[in-house]
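Same chain, two partners: subunit A is paired with subunit B first, then with subunit C.
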Partner chain A sequence: MTRRTLFTTLLGLVLALVVGPLVWSLATSLKPSGQILSAPPALLPDPATLDHYARLGREGVGRNLLNSVVNSLATVLLALVGGAAAGYAMSRFRFRGSRFLLVFFIAAMTIPAYSLLLPTQLLFDRIGLLDSAVTLPLLYVAHVIPMVVWVTKTQFDALPIELEQAATVDGYSRWEAARKIVIPGAKPALIAAGAYAFLVAWNDYITAATMTSSPALRTMPVALTFFQGFHGREWGPLMAGVVIATIPPVVLFIVFRRYLVGGFLSGAIKG
Partner chain B sequence: MMTVTDRSAYPTNRAAGIKLSKLTKKFGDVVAVDALDLRIEAGQFVTLLGPSGCGKSTSLHMIAGLERATSGTIEIGGRLVSEVPPQDRDIAMVFQSYALYPHYTVWENIAFPLRAKRRRTSKAEVEERVRYASSVLGLDGLLDRYPRELSGGQRQRVALGRATVRQPAAFLLDEPLSNLDVQLRLEMRSELKDLHERLAATMVYVTHDQAEAMVLSDLVVVMNGGVVQQAGTPLDCYNNPANTFVAGFLGEPGMNLLPGRLERERLFVADGVRVRVGEPLPSVVGRAVLGVRPENLALGAAGDDGITGTVRSVELLGSRSLLKVVVDGQTVTASVPPVVGVGPGEEVTLRVTDSAHTRVFDADTGSSLTVSPPAPLPGRHDTLHRVTP
Partner chain C sequence: MSAVLEGRPAQPESPAPRRRAARAPYLLVGPAALLIIATNLIPGLAAFYTSLRDMVFFHDRGFVGMDNYAELFGNPATWKAVGVSLQFTFAALVLGVLAALVTALVINRMGGTGRLIMTLFLIPWAMSPLVVAILWKWILAPFEGGLLVGILQFVGLGPVALLSDDLGAPAALVGVAVWRTFAFGAILLLAGLAQIPADLYRAASVDGHSAWEQFRRITLPLLKPSILIVVATLTISYFNEVQVIIGLTEGGPIKGTTTLSYLLYEIGFEESNQSYGNAIAVLMFVINMLLILAYVRILGMDRPKRRVGAGR
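== the complex of A and B ==
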């Protein structure tokens, strides 16, 4: 077997592992209930049906989807505004304790988030933040912000200070220079950090299941578990939910893929 | 470069003078610029010249407002601007790295200063001025390109275009040619000179390249260790260096400096050196340093008064040769015709072609003891370090 054939086979295998479950989920979500567990298994639905998607609608999963979207977008917005501002300050200003703060942020990234779950739940319960609309965005932002600060700070470091100086000499205030020059210059890192924040919030199950209990606040991943009963699973609606939940991250990756790789690389390799 | 004859696109010249008074910058305990006093007249081309770390760029950044002065004042056009932010100082600046905005096209880069809210320039005027600036700098065909698609010389032109698209009170240029190759640097140097003449603008230029300073400047300010060593016309600084630093720094190679003794009858002596120095000179006798430029030395005959030593090397430059002679452990350089007829190891005597070209410096302070005729100094430095008898 030539090197090239081996490589192609390996790639094919990886592709099958990644795409296979997605295709299977999509096919299952379109199969009539009786066909899902048939033996031998059928790959293609015959006939295709949207019944399971309609079922999701009837069960109010639309509301859960909206909750996930709102939580994720709020996380992205807050994490980018706060994290990029902190990253900029750490990159451009030397102040007492700035180095310590940076080490502190990096150290925070090393703490497993789930180890903080119980103390956080107790704390939030005590201060009345448990099971509220702001609970999850707050926790997600706290979780992603060290990474956002780190990625944006590294990008700002790589952005020559002369560009901002030139803009101020050209007649722009510091804020205008940031808007016109710094933010566009840091676009790859901002997009990468935003995508990371979005995915953390979008994919989360444990935090949402622990910190919220009201049906009105239920997110998509939590809602989908309700289709897994003690005595069996409702594969049709479950897979329909999985397909819907997969769409935003896939679209995100397709639209921003050139920034995602570049953005994280720019965070990893200075200059 | 395209020549534009219609200058009506440019309104009246707004060049303003700049006055720096006791301008000081400290970084912690390090004094980067020490009590700089300088008056630059409107329309003058002034160069801050010196080696790396001499404080020239820091001074320029303070004028721009990019660096806050520790003490002292800055006036531009008679207005005190020490506490005014850069965007309100009415200046334009060209950076060593060009600082072109990478996500903007050439057109957008040049138009950028005009589109600032505080300038309130109409679209039609922006269009007209960008077209004028780009045609002057030969950028017409490149307006839709991004900086990454340009050569070094083209980027340099865009940076100049962005600075010249409006008429600021002064242009500040921070080593703008240092990233270009030699050929392009010479070309751009001439273009800068033309640009200054056409705009009649006040320009403050920072460089460590003395050739640029000589060619471009009305006034050269030689700095070292944050202190002005001499301010004067290029020729005056070259011919009448205020001290041994300026003497050694200016010229390629710099002035030969030989320690020795000044005797009566203006006779300078040291081991292997016997030179009659020029007038006028204060009647001092004692330890001193003789300064003589390489081009003022020629091969003499044995027994002549002059500088006697052993040839170390002969460096052929084409039109001239540099003859390096070791005299009492110190190397003396003479710029001589290309064919010298001597080689390493031979003993030679270098004679001073004209004693009027010699300079004598104080052995302790390094200050010039030679009294030169006063040269006209536009915007003369207040604390000119010229030693008077």
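== the complex of A and C ==
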């Protein structure tokens, strides 16, 4: 076997291992109930049906989706505003404690959120923040804001300060210069940070499952575990849920792939 | 990476609105810094404080000193979980880095198609870990209808209950963890490969070195910084993995996939044993800090002036 065919075979195998499961979940979600447990497994639904999606709809998956959307968008918005403001200060001002703060942000960026979740649960219980509508956005913003500070500071550092100085000479205030020159110049960093913030918020299960309990606050991943609990082996609706939960982050990822990969390489976005 | 840190020093303030300018950076940094203090520093201290008390179901029954730690370190379940964590992390790391390396090497030789294929490979990374686990649970289902069972039948084998097998379950867990993360590693390695000058290979070819020799003497040594970054990032990620375990194996069978992180979930969250759970959290935190220290050193974040690792 030549090296070329070996490589092609390997790549084909990996491709099948990656794409196969995705196609399989989609196929299962579209199969009529009777076909799902048939042996040998039918690879394609025949006929395709949206019954399982309708069923999820009747069980209130719309509410879970809405919760996921609202949490994720709130996270993106707050994290970008708070993070870019701090990143701007770290890049453009010299002030006491800024070096310490930078190390502080880097440290916070690397600490896995899960390792602090249990004490956070206790603290939130004590101050009455458990199981409220703001609980999750607040925590997701906290999880991603060090990353936003880091990538925006990096990008602000790379922007020539002369442009702002020229703008100030032309009579712009510092705030106007920031809004009209610095922020647009940092678009790639803001997009990367925003997309990653969305992914973190949308894909989280463990924070939502431990910090909220009301059915009204359930996000998509949490709802999926409840479907699993109630319906046991009803894989049709479950896979429909998997597909619904997967489409937004995957579309977002494909659209902003270039920016996210830039974030990977800067060490800000984790595996 | 550190191109960031070597960025120009901040510009001196223009003298005009000095008072306001002196306050401005603190106002801008304040919200982010306070939020991080509130959600990292304070919980960190709270974890340690709680681990010295007796607290179950949010009910504090007073100070017990090091009792929780004595119990934690005296409990065979702790050591078993540490062992499972090490095995899981190490196995996933070896397989994940290897898969990332092979993928990067193959994709690197392709043009635009390679980019398209990498995008496909990265889809699992963009998915929710819990959703990934549920998806794989269905694929590995041991009854008729399951994809694995179907494939095994196709090649003439009987069904296998992978997730209730004491070797199969940890293996499946490693596989799913790698499935989710290998492409992330491959991207970092691809960036590293792009940095290697093509001249080196040309010269080596002229000198009559085989492809394997070129790989061993040029690719591997020059890729080492990128490989180290991947190893460091994935180690932290695997060591803290809990969502895939919750969705796929729930720590079983017979605690065979109960890592330290899952033990924390079971005791801290499911049993609501805050004091004992926080002792585990502190232990995990200490291990994480050691890993992060190693990570920061490898990335050279502690040495602002040197350029290390994969650049853009």
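What we mean here is this: the second predicted complex is superposed on the first by the 246 of 271 C-alpha atoms of A that agree within 3 Å, B and C clash if a C-alpha of one lies under 4 Å from a C-alpha of the other, contacts with A are read in each partner's own complex, and residues count from 1 in each chain.
In this section, a residue touches a chain if its C-beta (ideal position, glycine included) is under 8 Å from a C-beta of that chain, and two chains touch if they have at least 3 such contacts.
Please read all numbers here as calculations on a predicted model, not as lab measurements.
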Contacts of A:Glu162 with subunit B and subunit C, given as first, second, both or neither: first
Partner chain in contact with A:Pro184 - subunit B first, subunit C second, else both or neither: first
Which superposed partner A:Gly62 touches (first subunit B, second subunit C, both, neither): neither
Subunit C versus subunit B, contacts on subunit A by residue: C
Touched partner set for A:Asp170, first subunit B, second subunit C, both or neither: first
Touched partner set for A:Leu17, first subunit B, second subunit C, both or neither: second
Touching partner for A:Pro32 - first (subunit B), second (subunit C), both, neither: neither
Subunit B versus subunit C as contact partner of A:Pro45, first or second or both or neither: neither
Subunit B and subunit C contact sites that coincide on subunit A, given as residue numbers: 168
Touch list for subunit B against partner subunit A, complex: 64-66, 85-87, 89, 91-93, 95, 97, 99, 101-103, 112-113, 116-119, 162, 172
Subunit A - residues contacting subunit B, complex: 160, 162-163, 165-173, 176, 180-181, 184-185, 187
Complex contacts: residues of subunit C adjacent to subunit A: 1, 3-4, 7-14, 21-22, 24-26, 28-29, 31-33, 35-36, 38-40, 42-44, 46-47, 50, 55, 58, 99, 102-103, 106-107, 109, 117, 119-131, 134-136, 138-139, 141, 143-147, 149-150, 153-154, 179, 181, 183-185, 187-188, 191, 211, 229, 233-234, 236-237, 240, 242-243, 246-247, 261, 264-265, 268-269, 274, 277-278, 281, 284-285, 288, 292, 295-296, 299, 301, 309-312
Parts of subunit A lying in touch with subunit C, wherever the complex brings them together: 3, 7, 10-11, 14-15, 17-22, 24-25, 28, 36-41, 82-83, 85-86, 88-95, 98, 101, 104-108, 110-112, 114-116, 118-123, 125, 138-139, 141-143, 145-146, 148-150, 153-154, 157-158, 161, 168, 199, 202-206, 209-210, 220-221, 224-225, 228, 233, 235, 238-239, 241-242, 245-246, 249-250, 252-254, 257, 261-262, 264-267, 270-271
